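These are the structures, in structure tokens.
Both complexes shown next keep chain A, but they swap its partner, so chain B is in the first and chain C is in the second.
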Partner chain A sequence: MKEKSVKEACGKVFFAVCAVLCIVAAAAIFLFIVIKSVPALQATGLGKFLLGQTWAPDANDVYGQPISGSYGILPMLTGTLTATVCALLVGGTLGFFTAVFLAYYCKGKIKTVFSSVINLLAGVPSVIFGFFGIKVLMPLFNVFSPNGNSSGLLLTSVILGMMIFPTVASLSKTALEAVPAAYYEGALALGATRDQAVFRTVVPAARSGVTAAMILGVGRALGETMAVVMVAGNSPQYPHGLFSSFRTLTANIVLEMGYAGEVQMGALFATGGVLLAFVAFTVILLSLVTSDKKNKGQRRKKRGEFLFGRRLCSAGKVFGVASALFALAFLCALIVYLLVMGLPHFSVGLLFGDYQYGQQVSIWPSVAATLMTVGISLVIALPLGICAAVFLSEYAGSKNPLVRIIRSAIDILSGVPSIVYGLFGAITFVKLLGGSYSIAAGSLTVSVMLLPTVIRATEESLRAVPMALREGALALGAGKLRTIFTVVLPSALPGIVAAAILSVGRVMSESAPFMFTMGSSLQPMPEGAMSGGTTLAVALYYLSGENLYTDEAFACACVLMLIVLALNVAAEAAGRALQKKFQGEKNASRRNKRAQSKSLLRRFSRAQEH
Partner chain B sequence: MRKANLYYGDFHALKSIDIEIPAQKVTAFIGPSGCGKTTLLKCFNRMNDLVPECKLTGEFLIGGEDIYKSKDVTGLRKRVGMVFQKPNPFPMSIYDNVAYGPRVFGIKKRAQLDEIIERSLRQAAMWEELKDRLNRSALGLSGGQQQRLCIARALATQPGVLLMDEPTSALDPGSTAKIEELMSELKKVTTVVIVTHNMQQAARISDNTGFFLLGELVEYGQTEQIFSAPAKEETQRYISGRFG
Partner chain C sequence: MKRSKKVIFIVVVLVLALTAILTACGEKNIAVIARTAGSGTRDAFESIVKAEDGTSLKEAGLMKGALEQDKTSTVISLVSSTPTGIGYVSLGSVDESVKVLQVEGVEATAENVLNGTYKMQRPFEIMTNRALTEAERLTPATQDFVKFLKSVQAQEIVAEEGYVKQEEGATEYAAPAQALSGSIAISGSTSVDPLMDKLIGAYKRIGGENVADVEISKNCQGTSHGISAVKADAAGNVIGLGSSAVKEADEAQISHFAIALDAIAVIVHPDNELQNVGIAQLFGIYTGAITKFSALSAA
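On to the complex of A and B.
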């Protein structure tokens, strides 16, 4: 008996340790980035760094000697913020109206289709967005550009907007659907049209949720790297107009990390630090928005009435339909275009051949590297994440201060831009593993990044397990650990599988964290976990950067796209299986009841005949 | 049980309950919603331990032993089985559902388990209908079958006491009849304590009845006496359906 309680206590501590690792990871990221950037800030001066007008680094600058380059990030800071605001205008508006349409104007199959469209768009790798931008949108926009080259603010905003669109849409949809049906019905009962009921009553009531969705969208736009690098033009200057080339903070890191001098490197880390500050700011803002719901809703309701007159409400509906259709069209265009351009270039040599420098490009080594990365990172992130989720859902009381800290650490981890994970991995895991780029280092980096994804998805599915099952097991004398392992976790299995599949998709589609941990140029077949490699997404970035390999790039994009889409579809199916598992139970009993009541009726009628 | 007091935070849920439950009989607790019947029931197998801020005073004796003095909660739950309001079969096979309890207590041999499962299912009067599909998922059963399976699952550890928390409130009349029939069989092997909202049910199946109101035990005695000649006015009014 005593053994048992020791075992239980050990279990609890073990789960808690896994959860606390999230705090450690978040703290470590902040700490390492700060440590690395302090000397650079000392050399340049904080004011000159943040408010300096020119970025002209000198790779020969070293600490302790006067520096000759200038390290001002104000133009890029401005660029990042401008691009984010513009992206929010595009993606936020589209996302919001699509959400309204999905939540209140469509039903049944159409709703399922559009919801999957949004989920699929969310899964599209950012390099593919960038690639699509270069190949399709850029030639299109070039027509309007005064200098014939459209890479710059407009193109970036459109691409970024489409990237944050799914985030905003799906979260706003959840917020809108959470509004009690009574509000909507009440408005209708007072004689409001359907459009008025939606835009005047439901939307203001869902305000805080929609705002939260926008903030998360902003977070994503701030941290996006690869797609931006591909379409922004990247000269370190202020964005002057819609078609002027500019550079964001994230792009700055990717572009210069590879060959940076000592001070320059420090300045790049400091750039990462600025990004982290933005993340911390959005996380705080988010918690503020979601906590004081009531006040805000009431204060703003009046303005809502001014905003949406009857005609405007109807226009809103039309806009909702239009943006949903636009999203569908965009996704279809993306898929069809890549298939049409990529499939004809599939060849045995390209897909499965050996890579020979300068002679034959093959994505086979990349496929191998991708698989290795996926394998290693899942082996690390899944058990850790699941145990942390078990702690949060089965052991933690919501009032415990430790739990609160863990939750905010998870929020921060999920908000940290992937390029900052790359920086973090470069100075921790790469150094730890001997100083050269390796698949192992890349996998470790990305597994930290996966933690919040795994934890959230697992926790959600654990919470979906009915309390009654836990009680049933406990009432039979099972201990808590046994209950968790024999009843709770098996019941939540489909949800956990979905989390795993989503993680695979995430690893496949990320590229920024791998650039400085695994290497970024095409390489022959990796010999083991300690050799460098490029995942498919990084390979696509590399191939699309050089105009020599356009066909190969298309084929590569096509392969990547197909795999990621398949994974997302699989994850959705697994999620649905979880729902069915518990709903099926209800339906079955209902069906049986109906059958039984019928047979009872028959018996009664027979009895009466007698 | 003597002078049991129970608090949820500041809320005084059970007030000085003093009750003696005879072995091998069916005892029913009746009373309006929120009067503490279920809370009291959960005290017998310490399911209230799961609720934070739940405090308990007084003694709970089962067979002369105070169950709150010992630390062996799982051992207690082996001796005191429980069936819940809604059927809660685990999402696994029928066999594994019934075998869950014995496995918790370290029985691993297949032959021994087979024996236990046959015995428990027979006691729950469902061996004949289920013996050919023990490996099917328990979720495929009907609501009434699921509830009887949960009873079989609780019986598998051979408990001395079986607690039933409104076991038929989520079921149709046909299944209810089967379970009531079952209960009168069950008292041959175990002591049954049942919480119910259905007074006819209490009258039909129980030997003793306790009437609760606002956390107090108003009246307790033989079922016939309570239903034919209640001593207290509140009881009279409740069983004749004037409030509750």
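On to the complex of A and C.
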């Protein structure tokens, strides 16, 4: 008996340690970035750094000597915020109205179709958005630009808007659907039209959820890097018009890391630090918005005023339909365009050939590098993430202060911009592994990044396992560990599979974290985990800039897109499997039933709310 | 009713704003495209481009609002998609999607670079860690590759690719007697990148079986990146690529030789009617004093 309890205790401690690793990771990221940026801030002065008007770095500046460059990030700070606000105007509006349409104006097949559209858009790699921006939207917009080139605020806002659209849409939809049906029915019974019932009762009731969705969208827009670099124009100046070229904080890091001198490097890390401060701010804001839920209803009642008149409500409905159709059209345009431009250029040499310097471009080494990265990072992130999720869902009470810290750490980890992960990887894993770019360093970096994804998706599926199964196992005399390993985890298997698929998708679509950890130019076949390499997304970034390789770039984008499509289908299938598994469970709580009715992808994103 | 009036008002304003934008496009401004700070090409370009009074672009500073790109290739692709664009890149990387301008009436050719009439030129430097090189502690594979880069065969490639040969000190390269292995890490200028691709290909071909196991990885993110990688080299296997002359301050730590001379080509959209640009005019364009192409042809 005693032996057993020791084993149980060890198990608990082990799971707890895995969960605490999240805190360690979040703390390490903050710590390393701060350590790297302090000397630069001392050299330039914090005030001059944050409020300085010009960014004109001098790569020859070193610490301990007077600096000759100026390192003011205010224009880029302004640029980042302006782009974020504009992106929210585009993506937030579209997302919100699409969510309304999905939640209240469509049913059955149509609803499934549009939901998959949103899921799919969420999975499109940011390099593809940027590539689409350069190749399709830029020539279209060029006509309107005073200097004939449309790199700048408008183009960036549209691209960023479409990138945050799926986040806002899916989370708002969840929030709207969570409003009790009685609200809607009550409004109808009082004589409101359907549109009025939706826009005047349901929407206000879901306000906090919708706000949370918007904040998460803001987080994504703040941290977006690769797409922005491709379309923003990148002048370190204040944005002052729709077609004014500007630079964001994230773009600044990508653009100058390769060239940076000592002080400049420090200043770039400090830029990363500013981004982290934004992340912390959005996480705090988010927790304020979501914890405020209970009081909200009453306050609104007192106000007693509705947002829209009847006609505007009908207009809202029309706008909802229009936004959803627009999203569908955008996705179709994206996919069709890539397929039409890419498929004809598929060739054996390009896809499976040897990469020969100066003679043959091949993405086969990139495919290999991608697979290695996916493999290594899953081997690291999946067990850690699953164990952490087990701790959170099976052991921890929600009141426990440690658990609250762990949850905040997870929130922060999931909010940290990918480029900051890249910086972090460059000064930790790359250094640790001997100082040169390697697939191993890239994989380690991205596994930290995967932790929150895995933990949330797994935890959701663990929570979906009916309590009765656990109780039954315990009643039959199984210990807690045994219950977890033989009953709970196997039942949640489809969810865990979905977590794995999500992670694969994430590794596929990320590029910023790999630039400074694995390298960014195309290379021959990697010899092992210690040699450098480029994942497909990075290869696309490299190729898209190469004018000589436009066809190859399209083919590469096409391959990437097809993989994303396949992963999406797989994730949906896993989600359905989980749903089927518990269909018959009568004891499932209401919460669970609701959970089952959503695809896993979606439930992962909603986890943010809890 | 009041609200719907407001909506109509907003819509009207939006439509007006749009038409304003549409009509505002008479002759468009020049879209000035530059490289990001730290690029060797930018460094060289900004030192060469001077106003009539001798102030260099480096001292005057690039105009605000110029599009800054981190790669040679993105400059080309932006210029090729922008009718009013102007940019500068290494002559060797120019393709048919853009048009190369004469500078001061001189065409950018290898010949004109060599005889010095084409002013916009700079060396391509191959850099290694000085301490390691002098102590002969570079790895055998790296030494062999450097030997190849200094060879007549490498110079042939240089000429084939449209760069200007460095005749001095070129020797015949012979494949090593024994099989070499190990890795070589190349980093640095994106301008040298395409030439380096060809050189690596030739090295593998000429070196044959004995260099087949030499693993060459290349990551080009800019000259400064190459310089810092070479300085930090401990294993003796780093080769840096530079696209501007090595600075005096770095001489102590870096040994280097020029593998080629390269012209910086000033490029515009193929539909642009401009043929020639003066250095002072470039200064005007890149500081923002000249904003229209019509101002150039009139002058």
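As a convention for this text, the second predicted complex is superposed on the first by the 570 of 610 C-alpha atoms of A that agree within 3 Å, B and C clash if a C-alpha of one lies under 4 Å from a C-alpha of the other, contacts with A are read in each partner's own complex, and residues count from 1 in each chain.
Definition applied: a residue touches a chain if its C-beta (ideal position, glycine included) is under 8 Å from a C-beta of that chain, and two chains touch if they have at least 3 such contacts.
Please read these numbers as outputs of a predicted model, since none were measured by experiment.
Once chain A of one complex is fitted onto chain A of the other, the partner contacts of A:5 are limited to chain B, with no touch recorded for chain C.
In the superposition on chain A, contact is made by A:151 with chain C only, not with chain B. In the superposition on chain A, A:486 makes contact with chain B only, while chain C stays out of contact range.
Of the two partner chains, chain C is the only one that A:532 touches; chain B does not reach it. In the superposition on chain A, contact is made by A:57 with chain C only, not with chain B.
Once chain A of one complex is fitted onto chain A of the other, the partner contacts of A:28 are absent, as it touches neither chain B nor chain C.
Looking at the shared chain after the overlay, A:466 reaches chain B, while chain C stays out of its contact range. Which of chain B and chain C touches more residues of chain A: that partner is C. Shared interface residues of chain A, touching chain B in one complex and chain C in the other, do not exist.
On the chain B side of its complex with chain A, the touching residues are 45, 47, 50, 52, 71-72, 74-78, 81-82, 84, 86-92, 100-101, 104-105, 139-144, 146, 150, 153-154, 157, 172-175.
Within the complex formed with chain B, the residues of chain A that make contact are 1, 4-5, 397, 466, 468-469, 471-479, 482, 486-487, 490-491, 581, 584-585, 588-589, 592-593, 596-597, 599-600. Contact residues on chain C toward chain A in their complex (touch as defined above): 3-4, 7, 21-22, 24-25, 28-31, 33, 36-39, 61, 64-71, 73-74, 76-78, 80-85, 95, 97, 183, 185, 193-194, 196-202, 204, 215-225, 228, 232, 234, 247, 249. Touching chain C in their complex are the following residues of chain A: 56-57, 59-60, 134, 138-139, 142-149, 151, 229, 233-237, 242, 244-245, 247, 254-261, 264, 309, 311-312, 356-359, 435-437, 519-521, 523-524, 527, 531-532, 545-548, 550.
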